[in-house]
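You will see subunit A twice below: alongside subunit B first, and alongside subunit C after that.
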Partner chain A sequence: MADYREMWENLNMDLEKHDVLCEALPEMFGETFLNQENRPDGMNYFNYVTAEIHGARIMELEKHRKEGGKVVGAFCVFVPDEIILAADAISVGLCSGSQFWIEDGEKVLPRNLCPLIKALTGAKVSSTCPYFQSCDILVGETTCDGKKKVWEILNEYTPVHVMELPQMKREENYEMWMNEIKLFMDKIEELTGNKITVEKLKEAIELNNEKRRALKRLYDLRKNKPSPISGLDSLLISQIAFSDEPRRFTEKVNELCDELEEKVKTNTSTNKKRIMVTGTPMALPNWKLHSIVEELNAEIVVEETCTGTRYFENEVSTNGDTMEELIKNMADRYLDINCACFTPNKGRVEDILRYAEEYDVDGVIYYNLSFCHTYAVEYNNVEKSLRDNNIPVLMIETDYSEEDSGQIKTRVEAFLEMI
Partner chain B sequence: MADYREMWENLNMDLEKHDVLCEALPEMFGETFLNQENRPDGMNYFNYVTAEIHGARIMELEKHRKEGGKVVGAFCVFVPDEIILAADAISVGLCSGSQFWIEDGEKVLPRNLCPLIKALTGAKVSSTCPYFQSCDILVGETTCDGKKKVWEILNEYTPVHVMELPQMKREENYEMWMNEIKLFMDKIEELTGNKITVEKLKEAIELNNEKRRALKRLYDLRKNKPSPISGLDSLLISQIAFSDEPRRFTEKVNELCDELEEKVKTNTSTNKKRIMVTGTPMALPNWKLHSIVEELNAEIVVEETCTGTRYFENEVSTNGDTMEELIKNMADRYLDINCACFTPNKGRVEDILRYAEEYDVDGVIYYNLSFCHTYAVEYNNVEKSLRDNNIPVLMIETDYSEEDSGQIKTRVEAFLEMI
Partner chain C sequence: MEKNYILFPASSYGIKLEKLLKAKNIKYTISPTPRSLSKSCGISIMYNKTDEKTIKSIVDENTIEIIGFYTID
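Presenting the complex of A and B:
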């Protein structure tokens, strides 16, 4: 810990404030995760990563930076990690999942804004997120009104490069997106001083695809009845995916999957209701909905969210031997993500219906972070399609505070009884 | 009135519900506008248009349609009217300014959404807006999350063509926007069956420029001390600009300006505080803030909003003899509008500071419709710049209900005393 304090100090962190955060996390983690019965041994690695979330991983980032490497902070599944990796830079997710940062966020932002964006901003302006402090650059995107405007504020602290994500999915939008990827590549080459070659890029694509395959393998295992892993544990892994070293992460997920494959052979059935969560992302340490649901007689078996299937579904093709072809492959893969930021976004409804069948769910919880307009408005459409297919759905709109936890529990309980 | 009922019935309107709306409007208009002292005679035309807002103008639209013409509904200052006019179609604004439509809007939309969008949607789903009912097509755009997603819902009622407005203002964005204008032109040609020629387009551009010049003339007159016209009356004219026949409208605004020019010669000074309103649009009949402010010892002399300067500032150049050149001229003019939907949007702060000087204002009211994220987040920046320039600013976030009117009045009163 002594080492960390010095490191944090060098990162210009507000140590006193950060201590408050560090004190709260272990208890919260213990209560939420460690009391679960019959946890796989393979979760030990992810427990360790969580315990060391502001320590060991930051040490690695700082070591990389001391050796001349760069750290790139991103905040969205649309930012193509492959580019960052191919330039020998490290890509990290940014702090945004805790109520702890809301108060500071609200000092510069309106209260009527989604907690993810308020926490993101609060984490930076309060200097209590070592990931933010380690970043040489932030990569923003234009996925929603709140984020789009917040980059202007964050840019006063750390340089921000904004990628303009198209708002539609017509042919011209794929071309636009290819152009954005090229501009991003120029920026990262300039930042790192490293040239991204076809070979390096292919290698990075393959590395990322392996990570996607490992997560897909984990999710496929959750299709078993019962799932050999809790929704909570699976969510934690997805959250860690955004910041961990990708090779090690992939190896650890695969080791866990080996264990889970054995486990399903001796699994005995339960009467737990199988739930899909669909909607907005859950950044570390936002475990609120999962912990409420899984304390009841239910298991979350799939998340159609950015901290779920949207993160790993579909691979980037490695076909082609030119930069142009690889960029097109990336544009195709990323723009095919069915985020509510697109209009229209019919693919998302199709995904939800397909997952409902594949994971054999009893019901769907539509999770909306307060004031997230795109997902909130899209509920109308999703609800209609689920109703047409006789799949029960419950809408939960919430933020990071614990105030409404009791009420959510009551509503989920009633929902589980009904389905 | 008998004629109108038949027309409304033919437009598939909910007559009973619409009657409730029609009954409320005259009283509200009378109380807000007709009690003003020393009103210009030229306002009589605009009084008449307001009284006939669901009658006489709709008759004109229906006459046009019976003769084979088309009516295009739009909802944003970024939709280039010139294209619609050049194809001999009529462009109209859509109902979205009354609390009356909120309840129906909330049946299909989340409550946490801006009142403009909820009213827009409610007006359509309740079949109580004859403009909506007369439209052969709606033109949407991607200016904010709420609207972007609402087109998907409205498309179930009337065909919607969405124009993708770029989110940034780089060189490539101007090219993208030119392409969107071309796609829009194709759509309008297809709808009307009329070919848009260079000649027709130039004529439409000139017509629109004349309208802009008339509004600019009106606003320039407001720079006098005191302004020869109230903020309320000027706002009403801006609101009517979206739906009235453009030639007649321009003529009537110019007639009014002739009168106002005479009036300023004999004006005696008052001690009223001069206020700029900046922020989100005020659609007909949203007169809430203006009526509160002008009942106190203040006059609103300029609106840096979409129902203000953003609507008419800058003309489309008529230089060039090819379609490509004219489209480029339109793209340049429209994309130069400084809406908070862009990131960054530095031009808006410059506009506000320039207007503060030109109109010699004592203070600024930042008007934000509840849950409008882009303008709400941008407040941070605007507030800082105003503070640096010693210009007092008051932030008012509100919706269409009257619940907070007392509170707003108290805050404005305190603000006026302070400045």
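Presenting the complex of A and C:
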């Protein structure tokens, strides 16, 4: 990664600290991903993206900015990418999945807070994330308390546009959300100097829908027994979806799916237990749970998370010829996401039960990032519904550190033996 | 277990070689460069020892810039 030192310097990064972060990647990635057996050749593109995670893509962002383009950083699946794309800006999901950033995050945030929020803050505060350093603006949302307040801190470093996500899904909430999307559009137009036209927006909607379709195609292939791709690889792809160039990413996912469709024809059955993970998102490079589970006699076949089904399920409709209609279509699709920050959130339980059946799972692991209240409280309902349907569930509340990995492994082992 | 790597002065050479290996159906894996080998350039190509001779001729015939072929345990 030494080739990129000049570029990183120009981004005002802390090179020394960044070196320490980069030290760990090759071994960690190699151990977690490259030792998997029978890995599809199509994963080579995603190996490349990960190996070049602070290099190649950052160069693309730099080139875009040199040509007058803007880069918008986001953290959440509620942010309508289509708006960013339609204004010819680049949207990037921001780093928040490494223990490395927690210490710096805890310098400005309380310890008893979600690790994802602490990590994203740490990544900015420590100047060790080139994606953060490449952003002209950040988009925040009022999903949970932690997120809501952290924007105040990040705004001291980079301008943050906060979208007020409603807390409920009544008629008036949809109206409010539509207005938030309009405000966001105004902001992005102002930032880029580009007018978002109906044609450009429709194009952007279609582009994003194609990406969603490709991911859905990938996930549908995991319904096969056994799945032709590991949970780890699928998770990596879902994580990369947030910041890779959309057309190229979609093309590569479809290429991989072509290969997997062939692979399925010759796959032999295994006795691996099929597991669904549901709960809080797993940001890059958080591969902790998946690597523990898949080292045992199990395969993770679906993730009902923001780095899973909640990212790609449901497309934005392209019906309509006016801006008002397209904004309504976006509002509808995005507000349909069944995140625990909404009340009530019955749709999520329905999704979980449906996926359990479609993916024919043997058990469910409920993944809760430490200190996340909304998902933790929802566990009660989800657990009851799964129990009523005779689907075993194991709740794992954890963060990014390695301290509890041994414990988690023991609990998952016992769970797998029981189901 | 032994692992064999080809290192490059820049990732673009790695991508160039990858295309050629793919075209000739030679099995390879793109990997982050192991720190023990080098601190430079994001990607390396892992290959099977049995393909080494073939890969070397492809590199020579196409004048692909490489740092070298390495094996680590």
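Just so it is clear, the second predicted complex is superposed on the first by the 416 of 419 C-alpha atoms of A that agree within 3 Å, B and C clash if a C-alpha of one lies under 4 Å from a C-alpha of the other, contacts with A are read in each partner's own complex, and residues count from 1 in each chain.
By our rule, contacts are C-beta pairs under 8 Å (C-beta built on N, C-alpha and C of every residue); 3 or more make two chains touch, one makes a residue touch a chain.
Because the structure is a prediction, the values reported are computed rather than measured.
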{"item": "Which of subunit B and subunit C A:Ser405 touches, first, second, both or neither", "value": "neither"}
{"item": "Touched partner set for A:Leu34, first subunit B, second subunit C, both or neither", "value": "second"}
{"item": "Which superposed partner A:Thr158 touches (first subunit B, second subunit C, both, neither)", "value": "neither"}
{"item": "Touching partner for A:Glu52 - first (subunit B), second (subunit C), both, neither", "value": "second"}
{"item": "Partner chain in contact with A:Asn267 - subunit B first, subunit C second, else both or neither", "value": "neither"}
{"item": "Subunit B versus subunit C as contact partner of A:Ala376, first or second or both or neither", "value": "first"}
{"item": "Partner chain(s) touched by A:Thr318 [first = subunit B, second = subunit C, both, neither]", "value": "neither"}
{"item": "Which superposed partner A:Asn254 touches (first subunit B, second subunit C, both, neither)", "value": "neither"}
{"item": "Superposed model, subunit A: greater residue contact from subunit B or subunit C", "value": "B"}
{"item": "Complex contact set, residues of subunit A against subunit C", "value": "1-3, 23, 25-27, 29-30, 34, 39, 41, 44-45, 47-48, 50-52, 55-56"}
{"item": "In the complex, subunit C residues that touch subunit A", "value": "10-11, 15, 18, 27-35, 39-43, 46"}
{"item": "List of subunit B residues in touch with subunit A within their complex", "value": "108-110, 112-113, 142, 144-146, 148-153, 155, 162, 164, 166-168, 172-173, 176, 179, 340-341, 343-345, 370-371, 373-374, 376-381, 397"}
